[in-house]
Amino acid sequence: MDGQSNQENFYRGLFDTVHQNMDNIRKLLGSPDDLVTRKITIGVNGPVCGIVFLEELTDQKIMNEHVIESLQRTNLAFSPNQHANEILMQLRDAVLPIASLQNVFTLDEVVLKLLEGQTALFLDGTKQVVMLETHGWKERGIKESASEKVVRGPRDGFIENIAVNMALIRRKLMDPNLKTKTMYVGKRSRKKVAICYIAGIAREEFIAELDRRIRSIVVDSVPEAGTVEQWIEDSFLSPFPQIQSTERPDKVVSALLNGRAAILIDGTPFVLLAPVTLSHFMISAEDNYDRWMISSFLRLLRYVAAFISIFLPALYIALIEYHHGLIPSKLAFSIAGTREGVPLPAVIEAYMMEFTMEILREAGIRLPAPIGQTIGIVGGLVIGEAAVQAGIVSPIMIIVVALTAISSFTVPSYSFAASLRLLRFSVMAAAAIFGLYGIMICFILLCVHITNLHVFGIPYSAPFAPGTRADWKSLILRFPLTMLNRRARLTEPQDTIRFRRRSNS
Amino acid sequence: MTVFDYDQVRPSDIPLIVASAEIGVSILTLPQNITKITQSADGWMVILLSGIVMICIGWFTGQLIVRYPERHLSDIATQLLGVWATRILFFIYGLVMLNYFAVIIRLTGTLAKMYFFDLTPIEVLVLIFALAIIYCVSGLRIAIMRINQMFIPLILAALAIILLFSFEHIRWANFGPIFATDWRELTRGILGTLPAFNGGIVILYYGFLTKPSPLIPRQIMYGTVIVTAVYTAIFICCVGVLGLYTSINSLFPTIEMAKEVEAAGGFFERLQSILFAVWMLAIFTSAVFALDISTMMMQSVFQKMRKMPWILLLSPCGYFLAMIPRNDYEILNWSKWAGIAMFVSMMPLPFILLLAHRLKRRRATHG
Amino acid sequence: MADMRRKFAKIVVCIWIFAGAGLLTGCWDRREIEDVGFIVGIAVDMAEEGEQPQAADEASQEPLAKTKYAVTFQLVNPGGLQQVGRQGGGGGRLKPYWNIASEGETMMEIVKYISTRTARAPFFEHMEAVLFSEDVARSENFHEILDFFVRFQEMRRNTRVLVAKGKAASVLDVVPPGINLPAPYINRIIRNMEKSSRIILESKIGDIYEDMLAGRSFTMLHIEAGKQDSKLLGNAVFSSDKHHMVGVLDGELVEGRNLIAGEYKTGAIKVSIDDSLATYNIHKASSSVSILDPSPDHLRVMITIKTEGDITESFVDADFSKPSVLGEFEEAAAKEVKRLAQQTVTMCQERLHADVIGLGHYISRKHPQLWKAVQQEWEKGRNYFTSAEIVIKTEASIRSFGVINRRS
């Protein structure tokens, strides 16, 4: 029974009797331990119904108090000639104090819903089954997301339950135009996936395309948002992420208001946002909560930091090994002096230190919290200091590596920062061979790649080129709120007006 | 599957593209070219006058694009001039642009070798630059437009920084007698400067990508206005900082000027590296246009092949062509003639087509 | 279709791999920064007769030209610089610089000899000062030796050039207490000079190149090496004809030149009044030129110098509240300024035959027709510069006379 396709042992339809149905289901599911099948007499001497549920997936309190108790204690009288469907209707309308229940007619639906934590109610004499919403399992409480901390702003984060996540979004966006399209993805995992968008802002064709892409995913399971992301992205060869993921509801809401769509996936707290361009990865959630001067400054700072995190080690290599005339004289002498006893050429030194930094970073993730934080930065610097004392690397290298690492943490999005890390190594190689010329060629190649990359038809370089004033005002710099009266034209929203500037009274 | 409407160039983007196409090789050689001809510091007048000429040409180009919206240039030309005339003309253009592409990549290699490298063979430098250009050209055409839009603010910002910092080093005494050049030398100067604005013709070949709009001629003119201002500023700063005779005698006066400029009490001693970096961006865009237009022309002449094989065929030819000149003098001479050839052969096209358009219309209404 | 694209992609990938592999064998120009020999100063002297050549290949070279130069290069020793920075580290004391000299007929030849003797390859982009001895500057072939400094790519246009009194190499050995490297020290004196009272017009190789191309006379700073410090004396004057040194403008002549050129920033001059002395501190000085008689043969030019300043010291116990007294002082100051200017003009016209007061440049800008006529023989041949009559008119105005009126 285990391990073989259980398509031969059971009947793929529903029976009339409770007993047969319950047997069938048990055979279908392979008699798991947590499958509970019970026969309950309705009322004092009413008909017998059967309830089937998976124990760990259902809330026992609801089962006991609301389902079983209400069934057993009901005062409803049943006449013997009543058709089973009528009885079911009476049960539904008058007996069961369950808020959400529905009739289903196929075995597939029964089993799927059972696996979602609902309870199936069978009655002799009918093939109709009532599914009761009784799910309840242990899950995390709502806490701030560990990967996207802000100083100012709401501190709730998504959890693994799609219904709760949906609720979090709805609480922030009480717009009747907020629509969802749900579907089930994954042959074996049957994860519930929902596309959220605001009708009237997001483009219908875009939503249709997104829908098509998700529906076209034919895999065994979709364990995390990342799987969906990798299946629907435009180009898997590009180092850049083409879909953004976030754990913060406020970020999702702001994206929805800009004409983008959110993809929620059951079982993961990460929600996908599409479409996305370069500038979106540089926006932090709190940019809109702080005042415009500091926000604009911080955004520019992030761009500079991203630039540093890709190019600084390469610039170091180029200046130290090729273009000695480009450093100011005193600095050049000072660097040459500190590198006197260093055995390795600058390239090897740079690669070595960068790899060490990557190893430290990766290790720091897995260490328990108190040790992890310490090893992370301090360990890097201590190791670096020791290496300098031993004369293996020069102190300038340590500064460069530290600055690069810190700059890469400034980028708000983890996946984007990861792609920057990868690029850094290739640019270092180019600098090692051709110096500043190589760095410029790399920069050019990067820009060419970015402009050629399309995400759902929007160029990745979109707010930079081509860009409109509205895009620049809200996506790249952050102009005062009073000036952000139009939505960014990036996703070509249908309704472009956020507010009207002239007051009516 | 394009859901959004990002396939076309908006009219507001056109000035940036035109400016980016025009700013290229010339920012380095312009002061020397002009002062050698005029032998005086009146070159700024020459630049302004050339700019005005170019602005007019740009206006005509815009008129042509407005009359045939969203149509490929080969379509328009075939309709107005006939199949064979178009084929011959475009074949010539393809060769001229390939030549220009070869000039640019060789010049880049030469400059990199002169200022950055010593032992690295120039073939390698030219090769990797050519590979980068090929990578760009094998992407989408609309992406080429976007690259130009992205690069031009960087180029302008860096040039602005360098020029601002060089301002304090300008000796106004270097400007000598003003208005002392006679009209003959001025005319020769204008003729020598016009190829510096060669990029202005490029927009004609990408007319099919622009959104139809009556604003197009105006926007093309704005692009050239930006470039004229930039060239004038560079010229004034070069002659002011270096002096007239040094400008005449230096091969690349702009680089010498950038070397001289020190900023912020000596820390930013080496602004020349910024200049070189942005010059590479500027010249990259010019070379991309050259190769892309060359491919476009060949594609329209021989309808059978797709884009990628043409690129692979033309680029090695361009590379070998680039390796022919043997010394600096030959390169500079060649680049001068390539610029002139490009200007002379391609600049009349909008006029010819507009004339043909006018004639056809007249024939249609009268006949 | 898809097959073709796949094959195509494979070809492209192969090309990239081969290109990459080919390129990785490269890195032709990689040079570690600690292997670079930073040269911060060059001193060019005449080679002394009968000196033993210092390397074998120098002896085998047949002399092609006649003049042999002895050039000293100052190389930075960065490790030594670090030690000095750390207050003289333990172990052996490394000198932060190293002066190495060689002889030859061309600069590149000498550079070649040097590089066979140093552990590091010479690198000129951080050069601070170039010094020539007076012998070299006065030689007829001086402009030949300048070629290296303008043509070579690593040279920068704003490297400072100076003429040294005596041996140029000795200036590169002067290390005052608290300073690490001699060549940057020279640079620093020049920069500080701008803030001190007596300013001497500095000389950068780029400007000199421009003057040479324009056919103008130019000056270089004149420096003398002492025991513990170097002193800037004034300007060494170079003629436009052969571009060699013809004389010096030192001491008071420098002041006169600055006054005429309008570059006088601030300074004190001694004024004699009533057989006694006073000090006139100039705050502002400006000069203007006007042509009185534009015919080339009897050129008459008037240079007007206006100064503004204070009386900061007076041996004469005068009552400054009376306007006549102030007028006397102003006249005396004007006379002194005129004397200084006249001295310089006479020196330039009669002794040096070199127009370093900027008269020719002025004429070329404002009166191009006249300049066309006199340009060819301005400082040679008919010597229009020397035969020109230069009238100097001075005006001095006194703003204040200190915090007291009478002294006693």
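First chain written, first letter: the chains are A, B and C, and each begins at residue 1.
By our rule, a contact is a pair of C-beta atoms (placed from the backbone, for glycine too) under 8 Å apart; a residue touches a chain by one contact, two chains touch by 3 or more.
It should be emphasised that the depicted structure is a prediction, and the values quoted were computed from it without experimental measurement.
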Greatest centre-to-centre gap (Cα means) from subunit A is with chain C
Could you see whether A-B or B-C has the larger number of C-beta contact pairs? A-B
Measure off the straight-line distance from the CA centroid of subunit A to the CA centroid of subunit C, and report it in whole Å. 67
Distance-wise, how many Å sit between the C-alpha centres of subunit A and subunit B, to the nearest whole number? 46
Please tell me the distance, in whole Å, between the geometric centres of subunit B and subunit C computed from their C-alpha atoms. 40
Which parts of subunit A, given as residue numbers and ranges, touch two or more other chains? 322, 325, 329, 435
Got the subunit C residues that touch at least 2 other chains? 23, 26, 29
Residue numbers of subunit B (touch at least two other chains): 116-117, 120, 128
Interface residues, subunit C side, partner subunit A - complex: 23-24, 26-27, 29-34, 36, 38, 40, 76, 78-82, 85, 123, 125-126, 128, 154, 184
Touching residues of subunit B toward subunit A in the complex: what are they? 1-6, 9-10, 12-13, 112, 116-117, 120, 125, 128-129, 132, 135-136, 139-140, 143, 146-151, 266-267, 269-270, 272-273, 276-277, 280-281, 284
The residues of subunit A that touch subunit C in their complex are 320-322, 324-325, 329, 332-340, 342, 345-347, 432-433, 435
Subunit B residues touching subunit C - in the complex, by the definition given at the top: 114-121, 124, 127-128, 131, 173, 175-177, 180, 242-246, 248-249, 256, 259-260, 262, 308
Could you list, by residue number, the parts of subunit A that touch subunit B in their complex? 203, 205-206, 209, 322-323, 325-329, 434-438, 440-441, 444-445, 447-448, 451-452, 454, 456-459, 461-462, 464-468, 491-492
